[in-house]
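Letters are used for the chains, namely A, B, C and D, taken in the order the chains are written, and counting of residues starts over at 1 for each.
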Amino acid sequence: MSATTIPDYGTLGERAAAGLKPKGLSDEQKIAKAKEAFLAGMTADMATYLESCIHCGMCAEACHFYISTGDAKYTPIYKTEPLKKVYRRELSSMRLFNRITTRDITVQDLEDWKELAYDSCTQCGRCSLLCPMGIHIQSMIQVVRNGLAAAGLAPAELQAVSDEQKDKGSILGAGSDKLREVVERVRAKGVDVPLDKEKADVLVLSSALDFLNDESVLEATAKVMNKLGVNWTIRSDGFESANFGALSGDRVAQKRISKRIIDAALASGAKKVIVAECGHAYPVLRWEAATNYGKELPFEILSVAEYFGQELKAGRLKLKKAGNGASHVTFHDPCKLGRMGGSFSEARDILNALGVKLTEMESHGRTNLCCGGGGGVSMLKSALPLRQKAFELKRQEVERTGAPTVVTACNTCFQTLEAGKAWLNWDKDIVNLVQLVSDNLA
Amino acid sequence: MAASKTVGDVLRAHGVSRRGFMKFCAATASMMALPPSMVSTVAAAIENARRPSVIWLPFQECTGCTEAITRSHTPTLEGLIFDSISLDYHHTLMAASGQRAEDAMMQAMEENYGNYLLLVDGSIPTEEFESHSCTNGHTHLSMLKDAATGAAAIVSVGTCAAYGGIPKANPNPTKARSVQDLITDKPIINVPGCPPVPTVLTGVLAHYLVFGTIPELDPYGRPMAFFGQNIHDRCYRRPFYERGQFAETFDDEGAKKGYCLYKLGCKGPITYNACATVRWNEGTSWPVQSGHGCLGCSEPDFWDKGSFYRPLSAAYWGDARTVGIGAAAGAAAGLAAAALARGKQKKAQQEEKA
Amino acid sequence: MSGLSGIGVKVESGAAAPDEIYANTLPLLHEIRHALARLVESGEPTVIDIQSIPMGPGDMNRLMDALGEGEVRAEFEALGKTVIRESRYGGVWIIEHLNGSGGVAGRFIEITWVPSLLQAQREDVEAGLEALADALAAAGN
Amino acid sequence: MNEGLYWEGMSLLDFARGPALRWAVIIFVIGIVWRLTALLLASRKQLEPAKGSATSGGMKTLLTRSAPAHELEKNIVFQHYSGYAWHIGMFVVLLFFAPHMLFFKDILGFGWPTLPNLFITFFTVVTMGILLVLLARRLMNPVLRQLTTWDDYISWLIAFLPFLTGIMAFTHITFGMRYETVLALHFLSVSALLIWFPFGKLMHAIFIWPSRYKVGAAFARRGVRA
């Protein structure tokens, strides 16, 4: 069983933030940049959402941060207030009138909304399922992040990593050199890793977040891939699943980071790209990359869980029944994979094939409650107390299932659940799906 | 002159017994919509009431009002009210008398200057059309102004006199005006209706006779006693309205069962008159009872308020064409706004890339 | 008959109208009951002007049927006929004033011991006394 | 049937039934079309292969969003059902009071059965009660207070007035005003509603459909039922 494999994200974030150079924008420039990013993000869909809000406040009751704190400011739609204001004043058909009734945004507003758009939003999208008007609040908050990032107001932790990844391709100093080193370690254990094969059918991605401390996740993935016997590779010029551009809200960085993977996949002629167990990476690549790239892509993008699930269904992946002592489990749907990604059944098929007893939490599948770590929040030291409160909701739902083991398929969720164990002295076992599969190959 | 006698004298001269007098007073109180407890007051007042001189001027009218009143009153008890007043001039009724009738009027006006009651039916053409309605060479406008000068009060009989009525209906070809439009310095009692309920007119006369005062009036100058409540509230078909039972056409099952006529355009809810209680033709029936909705004939400009058969709640919302034009205008404005917004968006997106 | 029934006309009579609809009879009967109680307790009479109450077709007939016929019935001629009759409930009198042409000029329900119009009127009695005295004088007695 | 009303001395009721309403309808139509077409902004064409049909998902969400999943709904029971009660009450009163039906029949050319006044009175009172409770909630609940704008209060008033004037006219509790005046105020309150509708949050009655469709489509594209 993989114990905590990497240091706490918060510590990593803090370390990274120390190296961030401020952009040195004046107040006017900050506001102008933020507005520009807001306007750029206001598509027809966004405009419809912005027009539709009836200020009913129901979205609050979907948000784990509001439910756990009862603090009104964590109402999801309130987190989009600067965006709403700019829309009302600049783009709405009522803009001439609205300029009289709606105050312009100030730098103070932007500063104040940093906490709301980053610390208290994991981009889990649950509010977007509840809103009676059908407002996609999650996507609006992402535009708020875009604006804050453009104004240089993204949290230093996220901005620093985002800049690093944009410019160097590495995360927290871990780049292709680190990958080669880890691959060597895995190979030393007798597991073959086809690094930098020129051509391959399947391109497997990894993440520095997975192998910063140890090689177990990469090893587990390689084991399963080898067992499947497909022509696969992992490329040192495009292996990083995580996209800190998306997390920080820096759209330029997001595009450039996605493009790196697309270029690698195109170069290798891969038919499938397998995204590592990294929450946001999946929707960013699967649902945004091609549009940002500007062309349809000639390959499929799948999450590890999704890929394994498909192979299982096709009969190519064979698993031992009930291994690893995990006989009774509950499954924590990673928001980014499930609600924001559309992958629910694959992980459950795998658990079913393993013969474990699965007890679902009350909120599961598309209505799953977030663990509180997604959307880059786990990198933010300032968000720690909030995360701990929100985690309590998750804990209660897990407790009610009576299952001693929580399986998940996202590194961030895994880390958050592990951290929760530490905070609460919790006796649950946290397992990630890749590990479970690799340990139970038949 | 007969005007010096009291009403009591006149009645006794008719050989009316005390019982008959009391019966007359009871009927009069009922007519005036007074409670029965007021009968003795009425009796005392009538006994000593002076007979007022009354001058009735018909103008631009159809004689329907005169017809309604004379037809109903001649052989009845209410007729005594007319016997109790001194009707010194009524042009239509006196037409055969020629110049002598005119002289009688002049004489009555002179002798009772400041004290006579002026009854008017019909509207009055004005301005360039003033001469379109004349009697004996005098325009009605001048006759009204002359007669009004010496009147104690004016009773506008019928909707034409009270509010202009049908002559004033769009496009008002004679620039017809009501009495109250033209005379502003005299008390005016409006007794509208097309025609007015005869009992209501006699009731108003009885009030003047008994109390010598103008009855309490509503904002449209109508006596509250008769026009204080709308037809809808006093209608015997009201329970059907409450239950949602309506006649849909004039010959359906609902119509036969006497259901509410709201859907057929009844204007009862906004019409104030005594029809529902006093009824017509000696209490025999009234329009709603005979199966037709109220036309609202005692209301100002009732002729110009759209179809009599259009339900009250159906408004004049416009037409499909206007709405279509509106939609097109909205679309044009919207697309322009969208184009401007798109420009802003594009600029922002380009700058973001740069 | 077939021609007439095709026209949307219904001849309404008291018996044909559904009872619960023109429900003015019942409240009136209650009002009469209260008035009777007042008469019994304090001797206070009441007069109700039923002509000025909105009545549907058949309402008046139903009210009259409900009150019924009592023992006393009187008529007098003065400015047309007047009929005064006691209902089946003692003390409840129905007074109908007809005008010269037989139309109803007024209709009252009087709740009292004896309707005032039945009594000889003081003025008439005085006039009668005078007239009788004159007649006797004329006869030379 | 839509001949104009011609008269010189126009009463308030005539004004309300005629010109006021007519202009209100025109503004209503212009405003709605204007605000809808103004939303035709650039949209990004999504180039990723979809997991499900965005169109059918969008269509489904038009309805399914009215009944959120239990685990979401359990926290919003009060808002959810008071919202239902208010909208149902409003539509019952709007559509099934005989005079209202006649108003629409005149416009649409067809009518429908209506309810006895007793029911209408009941629904009106309930609806007004809910509106008052919701207003109180808006004034007191911190979540709502921070989201509330002047639009919310104006829209509340605009929605409340037709009920108030309607029940005043209906029950003849007119505070000394003439019935026709109250009836005219009722018509005018509806005109005010029509005029305000496209420019305030009442417009949600229209926006809800594209918005729900879009959120449904966005999730459906990703293979998620919304």
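Just so we're on the same page, contacts are C-beta pairs under 8 Å (C-beta built on N, C-alpha and C of every residue); 3 or more make two chains touch, one makes a residue touch a chain.
The structure displayed is predicted, hence computed values, not measured ones.
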item: Joint neighbours of chain D and chain C, given as chain labels; value: B
item: Chain whose mean Cα position lies farthest from chain B; value: A
item: Chain nearest the overall Cα centroid; value: D
item: Pair joined by the larger number of C-beta contacts - B-D, A-B; value: B-D
item: Whole-Å gap separating chain A and chain C, where each centre is the average of the chain's CA atoms; value: 93
item: Centre-to-centre distance between chain D and chain A (centres being mean Cα positions), rounded to whole Å; value: 39
item: Whole-Å gap between the CA centroids of chain A and chain B; value: 80
item: Residues within chain D bordering two or more other chains; value: 34-35, 38-42
item: Residues of chain A touching at least two other chains; value: 42, 47, 91, 93
item: Multi-chain contact residues (two or more partners), chain B; value: 334, 337-338, 341, 345
item: Pairs of chains, among all present, that meet the touch criterion; value: A-B, A-D, B-C, B-D
item: Partner chain C, residues of chain B touching it in the complex; value: 16-20, 22-24, 26-27, 29-30, 33, 35-37, 39, 75-80, 234-237, 239-240, 250-252, 255-258, 276-278, 282-283, 289, 291
item: Residue ranges of chain C in contact with chain B within the complex; value: 7-10, 12, 17, 21-24, 47-49, 51-57, 59, 76, 78-80, 82, 97, 99-101, 103-106, 108, 116-117, 121-124
item: Residue ranges of chain B in contact with chain D within the complex; value: 168, 170-172, 219, 230, 233, 241-244, 246, 262-263, 269-270, 300-301, 304-307, 310-319, 322-323, 326-331, 333-335, 337-338, 341-342, 345-346
item: Parts of chain D lying in touch with chain B, wherever the complex brings them together; value: 1-9, 11, 13-14, 16-18, 21-22, 25-27, 29-42, 98-100, 102-103, 105-107, 114-118, 172, 178-180, 183, 187
item: Chain B contact footprint on chain A (complex, rising order); value: 35-40, 42, 47, 90-91, 93, 150, 251-252
